[in-house]
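All chains are identified by letter, namely A, B, C, D and E, in their written order; residue positions are counted from 1 within each chain.
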């Protein structure tokens, strides 16, 4: 298509690839305030590297060649020696130490992940030793978010705008909320990327984003709005791919507050929902009905028995609990929490209305939502939650403890299971512990978990070697374009 | 004397929501070289419409309903716009009552004068400018060179009118129409402008139509007078003839309505009533409702102008009686 | 009492209305009528959704057997019902905004224009300060501050409008203040209150009315823009603005969602605009007096 | 006029100025539109005020009726200073001075009927006419100024210029004034209609005894109507006196120029357009009141001006001229060469 | 002139001060606080408290206000917590694109506005004139975002002749500039039409005809110039609208302007940026109008009337 900035010149040559994510990159500092935004993580994955990375079920070595645990509180990593930063300097244990210490000291959203670390040491250039106050089973998982920056840059360089990393791509230019232009790092230890360059523009309006994919201004874009998925599949020169994702809708009940302190009420509301029909008609292939409080793509997921759709049963249960005459309550969410969020909310509210539960819809602003959320100033709240690390700990372990008190739900048994899961490093044991946690949360109906969103990608058919990522953070090192 | 302009039985009508409005109803007169014809009449009597018609500038809603206009022997009614444009400024020129609004406020005075040469003669900018300055000096604007680049609002009323005159006379037209050129000016300035017009006229042997509602100005500045009432010329003659022996009751009434310095304080002889509505003029003579001489015939017959002598006429059934009456007073 | 000639003259003028003005008037009346009767014809309940009926084209039969003449939206609601309900919201927002903004503007404009001096100084400066923010930005800021609700949208929009009205009123008050007929009342010994009420106010009303008419239309569009940015009326209330804004993602696939309210909005605003022109033409000779 | 009646209105050294706000490309400043004027109007008489455009005539009128405040000097009505009067008293006095404007249309509220316009006066001054007699009184007033009773229900735009001026006069009469200031009251009217209004004004004076301050630039009309005349130039009175004395022996060069420049019906006799009637044509324009010339204000256009005129401002005193004149070299007419 | 400029400048400063104060007040009463947004949903109360103190949110309002004023005077709005850079820098890098876009929109508006306006004026009261006036109303009646999306669908998706996102090239700015301009083309057109018709009735036009000038010269040399005067005063206002309405266009065409930065920053309570943006916009707008005032003098010599 004419005019598209990504239009290539001669066929067959390597050219810059344009990939548009649906969220804005604001800041490239991997330890900054927006460090766990999906968009920031996407950028960081191209620019920086981590010691460990998730590879499906497995945690794979990356900058760290190997690791061991001399005791429960100590981790020892051996680093690769062939890693250089984009400025040509070698990556050593000093850089890792500086980065981890910076993370632990930061005020950013990653702070809680690292508060348990008591010391980071670098005995030699290729060894790094981390000591924790208590056993920390999630160490490896947390490390998938710990991007390494050169120690020399800390406090001096402009990591927000012109960062130096050791990832497959180096920054060429960056305008926050607009576009990030990257160039391949020839010296990347895993081999230089095939692309001549990578452009990550931010296109806020989804119809524009679809248009720009269709007329070739961008080569890859994700997430595809559910209603566009089918249509886009039929467009010439475009293909769609999807993968179960780590984003999911949850609608918590405020379990510390009447009437939701009564589990019978919560279960009754489950029975009042025809989740399957709602999700399939709203999302089609773009989401899957959930059978646990976390998506199936997450480590620690265990399938549960679904609640049957039975409005009569729901009414009976409500009457048993003493709410035969109905309930008046409210549900809050913010508009951009996820695709079709308002529509989903409306559908749920509409279904509950049929069993006599009148829900006042409260679509509010994100900031106000957050304030009320943490203050437990709500009845029901709907949100899209992301299991950023792909590990159940990030969600279950963090949100459902009595201490966290995020939804007024308190369960000693669950607290014990989660604490145990946090401290063991044995992955199989962790998986079974989180399975138990899933069951308790599901059975006690702490919330409704309607849909796990797929990561849906639209690509020009010229794009090759693209691997869809469950966490919406695909890697572009292996991608190439033909023609 | 050569007639520069001849108007014969000219009629102009306006289309109004209430129907046709006959603003000019059968007007005839002629103007010779070096002669000043004054047209006097009250507000709305059709003086300006007549003048605009002579310039080929009837308003969009108006149309010439009849008659002939001959400028230097050439019939100009229905002339195509192109040819009109060549007449205007070159053969026939016009100046207006309010010299401030008649000048373009955002163009310099020099430009507006020089434009005459540039658009009509294709004169070069510098040359046109030089001639503009020359003209300005001729009409008595001191320090013309410097004032070329001033905008009209920087000039006083009298000076603006001088600029208008300079502009009108730029291309040596033969005929000048001055529509109430001094009404907006103070008496002392009015005297200056009238004198200037007189000088230029004599120097260039211009024919001139001076439109005014001030009988005093006309007395001072004109050779001949045409008195208009309700779209019609009711009386013509030399100034002396008309002022000394008015032959139409309206003229007579006008004269008597002006305070007489020799008899100050005595009640004035006002003309009763109001001028007629031209959209629905009265039957018969348009003046009859206000006329002390009116008889039955006046109510039914609209009198045509009658010749009373060489270049002297009156549109009254009883012109002779009026003359006698006027003499007696 | 003094009689306003405008009021007398208008019916006479309406009789000779040009065709497009009659069409415009008819359209506006039709919409107002439909808005009033809407709940009877096609009741709308924002809380009732039917996911299986979503995105059906116009004329489709819904799962409950009803025909959706204008199709359904992304949650399976009948667009016709939504448009009718939305009109009530949009018109209410626009009218209340204009009435509130207009009243404040009228009061302050009169004070500033008539008394001049420091009253004018203060009021005009406040207006200047406010105009230093382009109005949409101010509305965004206010709507963001106050949170989405119909009342807040009205407040945000009214705050941005009063200056316009105040300026119009001030302008005409200023023009009339020094007119000779006002002077002659002063010479007569009339008090300020009397002059303001019987001389200045009637002259300010026609231009205010014209401005108000125009603003009703523009306010409806502004409300839609706020909805686009997610700062409009809340989801529980249908409004044209939010329906168009939500339908924007479907312009290519389910065009009918945005088309119906969009066409309705355009029709009403254009009609109101034509009426505003007419009003301006009708009142111009009078304001010249 | 043997015994002079008490002065009704007395202006002493009146100064009125307008403040100009600085604007784009414009400096601020103060226009002294009236720069020290003393004038007396006695009950039942007519005083004429003539002068060219912008010389401050309207400003004097507006100051007298209280539309603008004087910067200095006093306005005395029946010997009482209007500036120091208590508000209530002032209101009553104000009523006794009315103003008629040049443009009768602009001076009438277009939204009010004639009846409403007239009754407005009584609404403002309750007690003047009992309410039940309003309609009757309106009819009487309309008759007084030569309008018909059925005109009461019409709006101003339904009348001709002369009729509108009649309405203005009726409205002014409604509050029973003792002094009417006519600011160019007949200037916008055609000759025939002007005569009607002049006659009406004279008649009203005869019947009601009102005094007029008659402002005009038309020397002929002033001569016709007034008992005494004052000539203004650039904010000052340059010559004043009884009509006979002033028109008979104009002594200020400006008055002389004005008189000679004024066209009259008889001009054609004196040689008409050939200019043989000895008119004085002044050169130049009236200077701006923002910075008037030093000394005598007229000297820039005066053919008799000498050095003294530049330095010393002539006082308005009788200089063997039979009436006061503000000129160092008053005298009989000498045309400029 | 100096007196005027001085007064006008003082007025501008007052306006800026007022605007800053309004922004300050508005932001302090906003529900939600940046500390929560920075630290995310898992933050501990102590951490929040520390951060709040760090951000100066715990000082008394009046202290915050004066701190803020001082900051503005020294052009130091603080750090943007979202972008990790100085708020002023973050703002200034967006100003350029906004001004570019607004300028293009202005050019389009003026060209089309004058074209349609003079077209309509020359055919006043014909069906062509009515058509122009109705379509100009339609332009204002449609929400700008709708216009934008439709243009994008038509030209970028279906016809594929223009790009759907703006990258700064002239072609890519065409759609966004057109979207911004369209509602105002009609508006300006109407203004121009009325202006021309009004001027056409002026006495000087009659003079020009009496001088024997052709219709073309009368129209282009005499009339059009005078209609510019009232129009120019509107252009300052128009630029303000463009900057503000830019928000919508920026979102649709992915153009990194100042408007979307503002909306984002409000959403995320990035106070420093909100303040910087609004201050910068206000200053721009006020300077622009000052410029218009000065331009006015050159276009309308009558304004110097009283200059003795």
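Please note the rule applied: a contact is a pair of C-beta atoms (placed from the backbone, for glycine too) under 8 Å apart; a residue touches a chain by one contact, two chains touch by 3 or more.
Per UniProt, the chains are B = ABC transporter ATP-binding protein; C, E = ABC transporter permease; D = Dipeptide ABC transporter ATP-binding protein.
Keep in mind that this is a model prediction, so the values were computed, not measured.
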What's the overlap between the neighbours of chain D and those of chain E? B, C
Steps needed, at fewest, to go from chain B to chain C via touching chains: 2
Which chain has its C-alpha centre farthest away from the C-alpha centre of chain D? A
So, comparing C-alpha centroids, which chain is the farthest one from chain B? A
Please identify the chain lying most centrally, where each chain is represented by the average of its Cα atoms. E
If you average the CA atoms of chain B and of chain E, how many Å lie between those two points? 53
Approximate Å spacing (C-alpha centroids) for the pair chain A, chain E: 38
Rounded to a whole Å, what is the gap between the Cα centroids of chain C and chain E? 22
Shared-interface residues of chain A (touching two or more other chains) are 205, 207, 210, 365, 368
Going through chain D residue by residue, note those that touch at least 2 other chains and give them in order. none
Interface hub residues of chain C, defined as touching at least two other chains: 144, 147, 248, 251-252
Name, in rising order, each residue of chain B that touches chain D in their complex. 36, 42-43, 156-159, 186-192, 195, 198, 213-217, 219-223, 239-240, 243, 253-261, 264-265, 267-272, 274-275
For a test of understanding, state which residues of chain C touch chain D in their complex under the given definition. 1-6, 179-181, 183-191, 194, 198-199, 202-203, 286, 289
Under the definition above, what is the set of chain A residues touching chain E in their complex? 1-5, 24, 26-27, 29, 32-34, 36, 107-109, 111-112, 158-161, 175-179, 201-205, 207-208, 210-212, 214-215, 217, 365-368, 370-371, 373-374, 398-399, 404, 406
Across the complex, what residues on chain C touch chain A? 46-52, 54-55, 74-76, 144, 147-148, 230, 234-236, 246, 248-254
Per the contact definition, I'd like the list of chain E residues that touch chain C in the complex. 11, 14-16, 18-19, 22-23, 26-27, 29-31, 130, 133-134, 137-138, 140-146, 149-150, 153, 157, 240-241, 243-245, 247-248, 251, 259, 262-263, 266-267, 278, 281-282, 285-286
